[in-house]
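In what comes next, chain A is part of two complexes: it sits with chain B in the first one and with chain C in the second one.
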Partner chain A sequence: MPNNPWFQRQRYLVDFTVGALARRKGRNLALLAVYALIVFVLASVLLFSQALRHEAAMLLSSAPEVTVQRMVAGRHDLVPAAYLDRLAKVRGVADGRGRLWGYYYDPSVAANYTLLVPMSDPPPPGKVRVGATLARTRGLGVGDVLSLRSHEGHPFPFTVDGTLSSESALLTADLVLVCEQDFRALFGIPAGLYTDLILTVRNPREVTKVAEKVLRTLPDTRPIVRDDILRTYAALFDWREGMVMVLLSGAVLAFIIFAWDKASGLSAEERREIGVLKAIGWETSDIMAMKLWEGLLVSVFAFLLGYLAAYLHVFGFGASLFGPVLKGWSVLYPQFELTPRVDGFQVFTLFFLSVFPYALATIVPVWRAAIADPDVVMRQ
Partner chain B sequence: MIELVDVRKAFNQGQHNELWAVRGVTLRLEANCTTVLRGPSGSGKTTLLTLIGCLARPTSGRVRLRGRDVSGMTERFLTGLRRQTFGFVFQQFNLVRGLTVEENVMLPAYPLGVSRPELRRRAHNLLESLDLAPHAQARAEWLSGGQAQRAAIARALVNDPAVILADEPTANLDTDLSHRFLDIVRDLKRKGKTLIMTSHDPLLYQAPEVDRVIGLRDGHLD
Partner chain C sequence: MNLSLKALSRGERVLLAGLVLLASFAGTFIHAGLAASRAEHTAAANRALTSRLALTDLALFTEARYTRHRSQADLHAAFQDHPGALEHFPTGSLAGPPPYRAPHAEQPVVPEAALPR
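Then we have the complex of A and B:
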């Protein structure tokens, strides 16, 4: 194979191209740096959003199959416990339970906490378990006191019983777990009312059907199936990703103009070189192949450099540049490790969009220069 | 070996700045002969050289190489012909800056896919024969005028062409270096090469190595 003339010819062309790139070091390094930076930014956003979506999907996989909320005048209202008895009679429902949760605004850190009564193993009365991010923000440790204000304006002190693991920080960043008795006392919710109800369905393939039956049985409710929540999360992250992409589009456009200008313009030196090569016996196709190699080498190298940097940025450094925007918490930014995850199709799309336009842009002017009669070089 | 029949060449044809550089030249050039196309600036000698060397196609007329009409051939075919038959030495030498002398010499053979050891051997032999071996790894832009010309000659010879075309080869050389160039011409003649050069330097066209001088003026033969 190495002695095959075609293979040997390609090797010469690549050698010559590498030499040509090295000869115009300053220009090519500047181009490579900007090119890699753009790939880095785009790949960071894509990798991070992808990992977030995956993370959220993993966590939500244990969410209830159907959540039933009561609607009054189009607003989410408390659900009477009696609804559980009626739902238990719906065919396909295996189990139903009432859930208590709500939001609490803490002016001291200007943030909303999510208060929730866990289904199993609730903290003892007077005690809470808090999300790792909240604990960090408020400087709370086990045994410290977290004082909240009750619905009547009285202080309601809780002792921190423990913190929640940071693995689930994406969804538990602002979470406070309390027992039912404290929750009702804090918010003034009488016994027999719940925030919403959760249902377990016998046959997972009948979730949608069961939701329809729930709606028929209790017309003033809104059943939400788990897939809907997953879709909402995906849409949310897609939206955030889109927003960042829109903000970055200016930079991307500037790069496209810059790259197009660099790739499609030939310096006098390059034109002269093409003329010499043609005059000494290089074919137009040899020159095109050489320039195609140049475009490919620059763009593939920039892509690899940018993508690798983005991978390290997202999975090694927690996407410190874009994390806050993409995660979307206003005050309590969760701290968690993303699982490295690369989507082949996404890599291919980014590769295709970043490598091929540039490689092709390098070809057009070369073709124009290379089809000129080689005698031009004699008159220089 | 090379025959031109009523060859004409126009630049910018049909435009306000139309220029007829060659106006009806009929000429026959023999193999193993050293010919000089002599004439003042603007006489059309360089254009005629490009037509002989298949670097350009005539606007009208015929160019025949070894009896074969090449004036209507496609660019691809002409390139192949150029590579196999002609070696060019340009007035400004046109070495590629940033490359070493050896790499410059090897350049015309790259598209042929010759093995690297073989190509390096060829380049080395040529550089040695032209006293440039010690400069093989020097970058082209570091060479003096005479060295640059010898490097350009080595490059012209790397594919072992039958015909060497040189445009004003002594224009950028002093008298000593011009004599050195004539030594190389003598050596190439001895090896059976056909040399066609343009010049208005008497040192060159009056040299004993030159077999034939063709005068040109205003695109016509004198």
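Then we have the complex of A and C:
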């Protein structure tokens, strides 16, 4: 293989191209750095959004199949337990249960907690289990007391029975698990009322049909199917990704203009070089191949450097540069590590859009100069 | 075979650097695959937790009650405090319209459920 004439020829061309690039070292290194920086920013946004979207879809794939809310005057209201009996008669519904959850604003940390009654294995009365982020923010440990104010304004002390694992923080950062009896006493919700209902459907393909039947049976409700939940999060991260891209589009456009100008216009020095090469016997195809190598070396190196830096930035350093815009922020913010996720198609699209336009843009002006008479080219 | 960097020409050294970068690029796919299989145990435990607690949302946007459970908030959640109320939390301004309200969006799974009531 190395003795193959074509291979030898390409080796010499690469040698010559690298030499030519090295003669204008400062300019070419600056171009490579800016090029790689643009790829880095775009790849960071793509990798981070893809990982977040995947994490949300994976975690919420076991969310309730149908959640039924009751709407009163356009707002979410408590659901009577009698609704469960009516929904149990809807064909296709395997099981229905009432959920009890609500928010509690804690002025001491200026944050909302989500209080939830687990459907199985609730904590004993007077005890709570708290999310790892909440425990860290409030400095709570097992055996400590978390005092909340009841709906009547009385203090309602709870003993922390346990904390939820920090690995589940993306789901449980602000959760406070309480038993049903304490939840109703704290918020003054009488027995027979739930926050919302969840349904299990016998045949997963009938979920939409069941949701339609729920709406016909109880017109004052709003069924939310699992697909809607998944699409809400997919749309949310798509939107945020789009917002960041819009903010970056000015910089990207500026770079495109700069790179296009650099690639498609030849300096007098480059023209003279082409003229000399022609005069000493280089063929047009050799000159074009040399310039194509130049374009490919710059753009492929910029892509690889930018992409690898982005991968390290997102999965090694938690996307510290613009993570807050993409994932949000708040007082009770979960600490989580994203599982690296690479979408081959997305990476290929980025590669195609960042490498080929530049490599091709270098060819046209070179071809124009290379087909001209060397004497004319050198005199220009 | 005695391979010394000094014996290589400048072009060959650049190509070698390119190969190293290319191998690292391929390595990111392998790393992502390995990390995903390593995280599978935690992922399964978290999926089970979602199912056991019947959770519907991620705890990413905890600052306001209508952003904490994005999928459960009603369609005009950002404006529900009073008519004409402006959005004042960062999540709301970066959350975008519900998927079925965006132009050219897919229809909601249950169309009537999306109607404001």
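To be clear about the criterion, the second predicted complex is superposed on the first by the 369 of 380 C-alpha atoms of A that agree within 3 Å, B and C clash if a C-alpha of one lies under 4 Å from a C-alpha of the other, contacts with A are read in each partner's own complex, and residues count from 1 in each chain.
Quick note on the criterion: a residue touches a chain if its C-beta (ideal position, glycine included) is under 8 Å from a C-beta of that chain, and two chains touch if they have at least 3 such contacts.
What you see is a predicted model; the values in this text were computed from it and never measured.
Once the two complexes are overlaid through chain A, chain B and chain C fit side by side, free of any clash as defined at the top of the document.
By the touch criterion defined above, A:D106 reaches neither chain B nor chain C. For chain A, the partner touching the most residues, choosing from chain B and chain C, is C.
When the two structures are aligned on the shared chain, A:W239 is found in touch with chain C, with no touch to chain B.
Once the two complexes are overlaid on the shared chain, A:E273 sits against chain B while remaining clear of chain C. Within the superposed three-chain model, A:V300 lies in touch with chain C and out of touch with chain B [touch as defined at top].
When the two structures are aligned on the shared chain, A:M71 is found in touch with chain C, with no touch to chain B. Contacts of A:G19 after superposition: both chain B and chain C are touched. Within the superposed three-chain model, A:Q8 lies in touch with chain B and out of touch with chain C [touch as defined at top]. Once you line the two complexes up on chain A, you'll see the smallest CA to CA distance from chain B to chain C is 10 Å. With the contact threshold set out at the top, residues 11-12, 16, 19, 22 of chain A are in contact with chain B in one structure and with chain C in the other.
Those residues of chain B that touch chain A in the complex are listed here as 46-47, 49-50, 55-57, 75-76, 79-80, 82-83, 88, 90-92, 94, 96-99, 103, 107-108, 110-116, 155-156, 159, 167. On the side of chain A, the complex with chain C involves touching residues 11-12, 14-19, 22, 56, 58-64, 67, 69, 71, 74-76, 97, 99, 103, 111-112, 114, 116, 118-121, 131, 133, 164-165, 167-175, 177, 196, 198, 207-208, 211-212, 215, 220, 222-225, 227-229, 231-236, 238-240, 242-243, 297, 300-301, 304-305, 307-308, 311, 315, 325, 327-334, 339-342, 344.
Listing the residues of chain C that touch chain A in their complex gives 9-12, 14-15, 17-18, 21-22, 24-25, 28-29, 31-32, 35-36, 39, 42-43, 45-65, 68-72, 74, 76, 80, 90-91, 94-96, 98-99, 102, 106, 108-110, 112-113, 116-117. The part of chain A that touches chain B in the complex is made up of residues 3-9, 11-13, 16, 19-20, 22-23, 269, 272-273, 275-286, 371, 373-375, 377-380.
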